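What follows is a single structure, and I will ask about it in a moment.
Think of it as A, B and C in the order they're written, each chain with its own count starting at 1.
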Amino acid sequence: MGSYVLRRVLQMIPVFFGTTLLIFLMVYTLPGDPVSALFGDKAADPAVVASIKHKYYLDQPIWKQYLHYMGNLFQGDFGTSFTGRPVSDIMADAFPVTIRLALMAFAFELVFGLLLGLVSGLKRGSIQDTLVLVLTLLVISIPVFVLAYIAQTVFATNLGWVTPTVQNSKDLSQLILPAVVLGSLSLAFVARLTRTSIGENLRADYMRTAVAKGLPRRTIVTRHLLRNSLIPVVTFLGTDLGALMGGAIVTEGIFNVQGIGNVLYRAINQKEGPTVVGIVTVLVIVYLVASLVVDLLYAVLDPRIRYA
Amino acid sequence: MPDIHDESSFERHPKPGVDHLDYAGEQGMAVEQETLVEPDPEKREEARSLWGDAWRDLRRRPIFLISAVLILLLIVMAIFPGAFTDADPRKADLVNDYLKRPDWTDFFGAGWFGYDGQGRSIYARVVYGARASITVGIFVTAIVTLLGGLCGMVAGYFGGPVDALLSRIIDIFFGIPLLLGALVLLNAFSTRTVWTVVVALGVLGWTQIARVMRGAVLTVKQADYVMAGRALGAGTGRLMFRHILPNAVAPVIVVATIALGGYIATEATLSFLGIGLQDPTISWGIDISSAQKVIRTAPYVLFFPAAALSITVLAFIMLGDAVRDALDPKLR
Amino acid sequence: MTTAVDTGTSRREAPYEGPLLDVRDLHVEFVTRDGVAKAVNGVSYSVAAGETLAVLGESGSGKSVTAQAIMGILDMPPARIPRGEIRFRGEDMLGMDKERRRRIRGQKIAMIFQDALSSLNPVLTVGFQLGEMFRAHHKSSRKEAKEKAVELMERVRIPAAKDRVNDYPHQFSGGMRQRIMIAMALALEPDLIIADEPTTALDVTVQAQVMDLLAELQAEFNMGLILITHDLGVVADVADKIAVMYAGRIVETAPVHELYARPAHPYTRGLLDSIPRLDQKGQELYAIKGLPPNLLRIPPGCAFNPRCPRAQAVCRQEVPELFPVTEDDGTELAGRGSACFFWKETLHDR
C-alpha cells in the first residue's frame, strides 16, 4: 500500500510541472500582446511598455519566465496581476465562493445521482428506469448554459422563488439554484454510471453465489451488490470535484456569482496572464489531489488493486 | 483427461458462465461450435460476426434508427442549407421584422420560427447554424480519434518506458479541462474560424480516446489469438493493425460517438462565451448568447437554436449509446 | 408453515422415506428475443442420501439449468418453468414461499460453482464470505462466524487457515479457491450438494485432489451429491449412477460402470468412442459428426437424429421415451434406461 501511494505521488510531480508549463506556454507565447492591450486604443509609450515588461519578467526567454514563476510559486507567491493586485489576494476572495458552490453541486449530484441510479439499476425495464434514462439523456444533451436559462426562467421569472441572478455570493441559499444547474450534468452521469454498474454486477457470478448461499435479499443488495457497484462511481465522483470548479465558468457567469469562474473568464478576456496562470495552476493542483484521493479510495475499496 | 469435446484445448480458462448463458442461443453457440469443428486460431470469423451481430442488433433498435435519421438530416442540412430554406440567414430588417413572433402557417418559410432581435429569420439561422456544429463535431472527433488512437495504441502495445512516457503526456493534457484550455488557447486568436476551433479542441481533447484505446489494447494484447500471432512470427505492424486494432476499436468508436456530441456542445459554449466562433459564421451558440438580451420578451429567439443544439447533441449521444449496447452490453 | 426449518445443529429431522431429491418431468424455457429456447424438456431424476448422481452433457444440454432450477437461482424472467415438479424430502420446491425456499438454499441444498474466482466476491475476505453463512442462517456473531470460517478452511485442508482467513479470493491459487467454494457449500452441513463442473477450471493434478476431497466429505456427512460435468473421466471414480443429457432431455441412465461397459444410446456410445485410448494409438479419433442442436429449433423426433449413425424414419417423427433397458432374456437391468428406439441394437454393438 505504502509503495503504491509513493508511486502515485511520484507520478504526479512530472504531471504537475507539465500541466503548468503547458498553461504557461498557452498564456505567454501565443499571439496577442497583453501589455499593449492594457492601454486599450491609445498608442503606448515604448519606454513604458518596456518597463512594464521588465517588471513582469516578460522580457526574459520563456523558460526563464517559467522557472522564475515556479520559484515564486513555491514561496507562496502567485505573482501580481497587471492591475497591481496580488493574484493570491484575488483568489482568496473568489475561491471560497466557488468551493461552496462546487461542494453544494457535489452534494446534490451525489445524493440524487446515486438514488436515481439505484432505483433504475435495480428495476431495469420498469417505468422508473425508463424515466431516469430519458431524464438523464435530456440533461446530458442540453448544454449547461441553456439549462441555466431554463432554470432562470422557470424559478425566477415564472415562479418568482429566487432572483434571476445572485445578489450576494456569500449567501448560501442564493447559491442553491446555480449549484443545482452546475451539478445537473454530473448528476446525470452519476445516475447512469450507477445504473450500468449495478446492472453489470447483478449478472456477476458472485451474485449468483450470494443467492445460492440463501442470504436475505437485503444483505445481498447492500453487502454484495452495492459495495462492488460503487467502485466506478466513486472514481468518477472524485475527479468530478475538480471538473465542477472548472465548469463553474459558465454557471457563475450566467448567475453572476462572484467566484473563480467569473474572475477567470474576465482575466482570459483581458489577457491577464498572471491571474489566468495562477487560477489554472490552483485548479490543476485541485485536480491532481482529487485524482490521488480517488486512486487511494479505489485501493481501499478494491483489494485487487491494493495487493497488486 | 478425456473430454466430451476438446473445448479445453482452445479455452485455457473456461469462460465463466458460458454454460449458464447457453440459452442466449445461436450467436454464442455458433462461435463456440466453430472453434470446435475448425480450430482456427485466427478469429477473423468471430470479429466479423461481432460486427455483423451488432449491425443486426442495431437495425432493430428504434433509438438507433431515430438518431441515425436525425444525424443524416443534419449532415444534409450542413452541406445543402439552401435546400431547406430560401431565406437569407444574414438579411436583417430591423424595421419590419424586429422580434416578429413565430408564424406557424409559414411552413418552412422565413417567418416560421419568427425573427430575432436584429430582424433576421430564426428558421434560416437554425438551418445554416447546423454547418458549424456538424463540422466542428465531425472534424474534432476525427483529429481526436487519430491522435488519441495512435497514442493509446503505441502506449498500450509497447508498454514499459514508452507507455510510462506517453501516459504522463496524456496525464498532462488530461489535467486541463477542455473548456478551460480552449478558452485560453482561442483567446490568443483575434479572428477565429470553424477551423481554429476544430484545431483547438482537437489538440486539447485527444486524451480521453488515448486512455480508452490504451486500456483496450492492453486487454486485447493478452488474448490468446494475439499470443498465437506473435508465436507464429507476425511482425509488429501486422500484429498491431490486423490482430489488435480490429478487436480494440469497439470501445473507441463508442466513446468517440458520444464525445462528438460533447464537442458540439463545447463549441456552442465557447461561442456563447464569445471566445468561440464569430460573426459572420452562423452558430447556434452565438445566437443563444445574443438571445439573452430579449429572453423575457421573446423567449422563442432562445428556444429554437437551443432546441436545435440539444437535439443534435442528443442524436449523437443516442447513437453512441445504441452502438455501445449493440457491440457489448457490458462496456462501461 | 409449522415445520419451520430448524436453525440449530440438529439437522437430522424426522426420518424421511424416499429419495432426498426427486425431479419429475421438469421443463425450463428461456424467453429470448429470437424466440423461446427450450433448455430443459422433461428431465426426471432422483438422488438419495449418500448417493452421487453424475449428470453428463455438453454445454447447452440443460444440465446446469436443471441444477439452477433445483437451487431456485434461475432468473425468472427470462426463464420460466412451464411444467414439472421438484421435491426435496417430499416437499414441493416450486410452490414453496420465497422465504422458506431461501432458508433451504445454503442450509439444506448447497451449490459449488465452476469458476471459484468469479463466483467469490472479489472485495470481501474469504473469511467474511464463509462466515456469512453462519451469520445469515444461524445469527452468529461476527467473532463466532470468523472462528467457524477458520474451522471450515482447516476442514478443507487450506494450510495456515488462521493467517489466510482475512485474505481475498484473488490471493489464493485456483485449487485453494475451489476448496473455499467447497467449504462454503459444506458450512451448514447440507443434505444435498450440487457441484456444477467443480474441477473444470483447475489443473489436472489439482482436479483429482479436489474431487477426492469432495467425495471424502460427502461420505463423511452422508450427503447426496449431484455432480454436473462434461468430463467422463471425472465421473468414473466417484459417481454411483450417471444421467446423460442431450438437448434438455435425459437420453440414458445407468449405474456408472455399466454405462462404460455397455452404453445403450448412440450418443453415449459416441462420447465413449471419442475418448483417446492408449490401445488405439495411431488410429484416428472418433468424433460425433455435426453440432448440438439450436435450442430455439430442436429437431422433431429424437433431437440426436441428425447426428446419429443409426437414425431411421421413426427417429425423425417420434420422440423416444426413456425405455427400460433389459438383457435379451428379459431380465431387467436395475437403474438402466435409454431414450433410443434402437437401444437393443446399440447395447449389442461392439
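Criterion: a residue touches a chain if its C-beta (ideal position, glycine included) is under 8 Å from a C-beta of that chain, and two chains touch if they have at least 3 such contacts.
The model shown is predicted, which means the values in this text are computed figures rather than measured ones.
Enquirer: Among the chains, which is located farthest from chain C on the basis of C-alpha centroids?
Expert: So the chain farthest away from chain C turns out to be A.
Enquirer: Name the most central chain, where centre means the mean of Cα atoms.
Expert: B
Enquirer: Just the number, please: Cα centre separation of chain B and chain C in whole Å.
Expert: 47
Enquirer: Rounded to the nearest whole Å, what is the centre-to-centre distance of chain A and chain C, using the mean of the C-alpha atoms as each centre?
Expert: Computed from C-alpha means, the inter-chain centre distance equals 53 Å.
Enquirer: Calculate how many whole Å lie between the centre of chain A and the centre of chain B, each centre taken as the average of the chain's C-alpha atoms.
Expert: Result: the chain centres lie 23 Å from each other.
Enquirer: At least two partner chains per residue is the criterion; list those residues in chain C.
Expert: 115, 118-119
Enquirer: If you look at chain A, which of its residues touch at least two other chains?
Expert: 205, 208
Enquirer: Would you give the residues of chain B that are in contact with at least 2 other chains, written as numbers and ranges?
Expert: Where chain B meets two or more other chains at a single residue, that happens at 16-17, 20.
Enquirer: What residues on chain C touch chain A, complex-wise?
Expert: Per the stated touch rule, the residues are 71, 73, 102-107, 110-111, 113, 115, 118-124, 132-133, 136-137, 168, 170-171, 184.
Enquirer: Which bits of chain B are touching chain A when the two form their complex?
Expert: Listed in rising order, the residues are 16-17, 20, 168-169, 171-173, 175-177, 179-181, 183-185, 187-190, 261, 265, 268-269, 272-275, 288, 292, 295-296, 299, 302, 306, 309-311, 313-314, 317-318, 321, 330, 332.
Enquirer: Chain C touches which residues of chain A in the complex?
Expert: Listed in rising order, the residues of chain A that touch chain C are 204-206, 208-216, 219, 223-224, 227-228, 231, 301-304, 307.
Enquirer: Contact residues on chain A for chain B in the complex?
Expert: Going by the criterion above, the answer is residues 11, 14-15, 18-19, 22-23, 26-27, 30-32, 137-138, 140-146, 149, 153, 157, 193, 196, 200, 205, 208, 242-243, 246-247, 249-250, 253, 264-265, 268-269, 271, 276, 280, 283-284, 287-288.
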